[in-house]
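Heads up: the structure comes next, in structure tokens.
By written order: A, B, C and D. Residues from 1 in each chain.
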Amino acid sequence: MTGVAEPVLDIRNLRVTFTGGAKPVNAVDGVDLSIERGEVVALLGESGSGKSVTLRSILRLHPAKRTRMEGAIHVAGTNVMALEGGALTDFRGKGASMIFQEPMLALDPVYTLGEQIIEAILRHENISTSEARRRALDWFERVRIPSPERRLDTYPHEMSGGMRQRAMIALALACNPKLLLADEPTTALDATVQVQILLLLRDLQRELGLSMLFVTHDIGVAVEVADRIAVMYAGRIVEIGSVRDVIRSPRHPYTLGLLSTRPHGGRLSGNRLPTIPGSPPDLANLPPGCAFAMRCALAADACRIAAPEAVEVGPGHQARCVRTAETARPAGAPAGVSA
Amino acid sequence: MFTYAAKRVLMTMPIMIGVSLVCFALVHLAPGDPLISVLPPDASQAIKDQLMVLYGFDRPYYEQFLRWLVRAVQGDLGTSIRTGRPVAAEIFKAVGNTLMIATLATFIGFVLGTFFGFVAGYFRGSWLDKLASAAAVFGVSVPHYWLGMILVIVFAVQLGWLPPTGAGPGGSEDWRWNWVHVQHLILPAVTMSVIPMGIIARTVRALVAEILSQEFIAGLRAKGLPELGVFRHVVKNVAPTSLAVMGIQLGYLLGGSILIETVFAWPGTGLLLNDAIFQRDLPLLQGTILVLALFFVALNLVVDVFQSALDPRIQRA
Amino acid sequence: MTALLEVRGLVKNFPVNTGVFGRPKSFVSAVDHLDFDLHEGETLGLVGESGCGKSTTARLLMHLVAPTAGTIRFEGRTVGTSELPLKAFRRQVQMVFQDSYASLNPRLTVAESVAFGPLVHGVSRDEAAARANSLLERVGLDPARFAGRFTHELSGGQRQRVNIARALALQPRVLILDEAVSALDKSVEAQVLNLLLDLKEEFHLTYLFISHDLEVVRFMAARVLVMYLGRVAELGATEALYTGSRHPYTTALLGSLLSMDPDHRAESAPIAGDPPNPIDPPAGCRFHTRCSFAEPVCSSRVPVLTPLGSAHSVACHMSEPGSGHGCAPQRAA
Amino acid sequence: MSAVPDGVVAGVAIARSPGYWVTVLWRFSRDPFAVVAALVVLGLIAMAVFAPWLAPQDPFHGMSLRRLRPPGSEGYPLGTDELGRDMLSRLIYGARISLFMGIVPVFAALAVGASIGIVAGYVGGWTNTVLMRTMDVFFAFPSVLLAVALAGALGPGILNSMLALTLVFVPPIARVAESVTTGVRTRDYVEAAKASGAGALIIIRKQVLGNVLGPIFVYAMSLIAVCMILASGLSFLGLGVKPPQPDWGLMLNTLRTAIYTQPLLCALPGLMIFITSISFNLMTDGLRSAMDIKA
């Protein structure tokens, strides 16, 4: 036993390149991230920012032939990049497991939910089928599925969206994984159902002391579940810090922009939303410097030459920006955003 | 489930009636005198008229059709002009013979086809895919009657391993399940199997590739299933459609056996059809086509109901 | 304000599950007795969860699906009759679809898609092309670069701009925006919302803004109509409704909004369960199965849309005088 | 994809992207199997067209003294048939009727079937039910059976068997056309076109056809191989081409008696049918994957 607790997840300089197309696509471009035991980190970003790719890398779900992965990933001491064959499949579902965005697509349509959960349990535990079924039923009760006994024998398409996602959560937790990965688990759900699932995840997380990496594009969702938020843009984490720091005093111009473009509250007549101009860069054709520079009002020459290093802007709060001095509050209106 | 089957049966009724109508009309498309094959060229008009009345050819078409239909429903397909025997009995015997090679051919085709299909779908883009796909393209491209001839040349004429034609000693009248007879099955069945092999291989390849690209495959891997476990799921997803294709292929072989049976002189429905056409034996022609088409319709129905029972996604209300 | 578009008693049932003899056994009750007015120059928000009939309403208004019952009047003339033939109506009312990719023909260039409407209405080829180019310019797409492109070469935001240009090509007075920004990233969504505000001013447009996102509706709309399982739950001026909702469903929907404040996270879910299946919806008030105030009357009688003030009405037994619900006000003497 | 300037509209120089079919052709050209197959098909068609110039001898003139010479005989590189006619010349001339009978019925069926299917798919409702249930009746016959039955009923001959084959291929093409059209009809862009006030004919012409003709055409192309095999099969049975016309299927039939004496000779006409049908199949496969732009 060492004094310092080992992080549950430790990612060092992860790079993921998809080589299947005409040009290699740099989906993840040097990500460092660690999650402590019992901690929830939200990976926040828009489509194409590399957040889901990062998440799937942890289970090595990308097709090996068309993907180049570099860097180091450790989950509770296990070197994930070195796992092969049976060791890799042992790790998946047990070391780390995953909740998908669309349970309708992520569950096999021709097997019942019970069969799919029992299959996962039997894969990792040496117990009888009836024991596994009891365990599955127990998980159905814990994710608060009404009449769980009956629901175990239904097919995915026979359930409503919220119930399917609960079943997906039961499946992911069935083998007591050390790390839970969630890929936009509430995006496909209605607002009234989304809250229920978020609360369920938070309760289970507290109860079981889960460590969780939660990918989302919705800041509100991230605020609701996370201890820390990591903001991704064009394959890099541009800002990371506690929820309070990132939401109340964002220091990267992209985070600032993202927070202010959200319509909230009513609109006074004639008001327009602040926007980030332009659109995200082409991942097959990234500029040499900061990928956000071409949309950034604060961009200087230095931004376009080399990718900025992470700057410590507070305790545990970092931003990959050379102009963090300018983004510090209380400078009135948030900078880096054109109205 | 039962409602679904009942609904399907009901939906099939108009098709069956349409099929009967087509079978009936088909024969009346035929130019020339329907009695040409039984009458001597110098037959008197009186005899001609007498026979016309006997076979019912003198009545209006709709009446002929209705009479024919009513009798067909009762299992009476008329009398063969050429042999004078009941058409139903002739067809019954021939259907049995055709069913024998068609079933064997479908089985061989299904086994090989699913194998090639899975290999090609799993290793899409690799040389294994190219090889398996080549086998599939061969299956759907080769003129099977020609392939039959080639096989006869190689295995019967050159190597002398298998008999070239026929159904063995005593023909189909004296069929036994022994090697002397069974070896007559091999060449026709293998020849016939290339078409279902090709079609099933192509279908399975496309299905496997499509299923492997779905998100739930990532879901299965994420929960730690090894490739063999994932494969089991792929099989269960592919099964309903590929079994349905197999069933329909059996129907195609039954109806399309004429070319193979001609090459191998196999005494099945195809040979019967061939005789009926060239001897202008209209009742026999009509009856054979009707039985084969209705068989195909019924088979489609069974396949459909079976598929819906197998696939939980299909609404069975 | 005059009502530009009046919707009265709109009903749409989709048959499902035909029986043995082809008779439908059950219906999806997608829209059930919908009444509302759209006033000239306003933005009316239409909110609700999946399956509440928002998109069906949009398609009914455009007559893309035939209503089971009900009438739609434009400037007092009944649509689809000799008073106002469909083609003339569709020149006045246009629609932007949610799926920006599926709503553009993959075989046509951007300019061809935009020019299609004017050509159909007899505008000359040159005039239509010129109109397409100027609209593309107006929605922020340089025609020199974009007019000759195909759908798959554009980003989601660019495609939705093309769809907006296409809808404007007939110079309509009303635009139905069916989840027009829902599929876009937040930063792009803001750009498109601003564009919609600018266009409304410039072309004096009236919007029916359909969305599941309450924040966006609050930003865009002056009045909001809340739908639940095909029926109107509540209708009112945006701020009045957002701050003083009277229907338990509206309250629950607003309560499901995430706080954005790390110190005030959600404590409990405002309502449990998923929206019920619109096939065979609950009898009486369709919300009673999820409502914590439900009483026997709620499951037996359909609540009437009751006016509460000048511009606020609600379909709830608790607000309907003499409805028999314990919380209902007494009937006025 | 490079943008090429494509003129000026309303004072704006428009950069136009290469169209769909240009892209398809470019993708097709990168598939070696498909390109080789397409070249073989072109070669066969050229052979049929230029048969009189290519054939070394008269395909109808036979010498009973030189019957059934094996391939490689002097003056007869591919031997002679059962009536002593030059095989090479007959195979070259055979391409004319064989290709004609393999291709023309499919195109005739394409015209009829696509019209039926597109109308049924776009109009829907009762029109669809009546048209498609009628097609189902013909679909209830296995294709070989229907072709043989029709050809048998109509009597042997090129015209009759082509008519029979056309009738065989109308229902499957109509079915594919109907399902593709139904799929396109419910797409949002067709709804948008309706919402702009366009009538059915304009929508079919401008919005639907461009998206359905491609898949229907590719499906019809894939039927050419089937039609080749069926047409030759009919001739092989004696229901198609009548002697002494040179046709591969008929040659296969008449040479059957020589199976024991000259097996190689008998195999030649079938080989031609095989080469033609596999080339059409590979070409169609290539075209289909070239049109699947998403991949």
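Just so we're on the same page, contacts are C-beta pairs under 8 Å (C-beta built on N, C-alpha and C of every residue); 3 or more make two chains touch, one makes a residue touch a chain.
Quantities reported herein were computed from a predicted structural model and do not represent experimental measurements.
Of the two interfaces, A-B and B-D, the higher number of touching C-beta pairs belongs to B-D.
Greatest centre-to-centre distance from chain C is found for B, with centres as Cα means. A separation of 55 Å divides the Cα centre of chain A from that of chain B. Centre-to-centre, using mean CA coordinates, chain A is 52 Å away from chain D. Averaged Cα coordinates give chain B a centre that lies 23 Å from the centre of chain D.
Residues 214-216, 218-226, 229, 233, 236-237, 240, 311-313 of chain B touch chain A in their complex. By the touch criterion stated above, chain D contacts chain B in their complex at residues 133-134, 136-138, 140-145, 148-150, 152-155, 225-226, 228-229, 232-233, 236-239, 252, 256, 259-260, 263, 266-267, 269-271, 273-274, 277-278, 281-282, 285. Those residues of chain C lying in contact with chain D across their complex are 59, 62, 64, 86-88, 90-91, 94-95, 97, 99, 102-109, 111, 113, 116-117, 120-121, 126, 129-130, 133-134, 143-145, 147-150, 152-153, 163, 166, 169-170.
Against chain C, in their complex, chain A makes its touches with residues 46-47, 160-163, 190-196, 198-199, 202, 217-221, 223-224, 243-244, 247-248, 257-258, 261-267, 272-277, 279-280.
Listed in rising order, the residues of chain C touching chain A in the complex are 49-50, 155, 157, 185-191, 193-194, 197-198, 212, 214-216, 218-220, 238-239, 242, 252-253, 255-263, 265-266, 268-275, 277.
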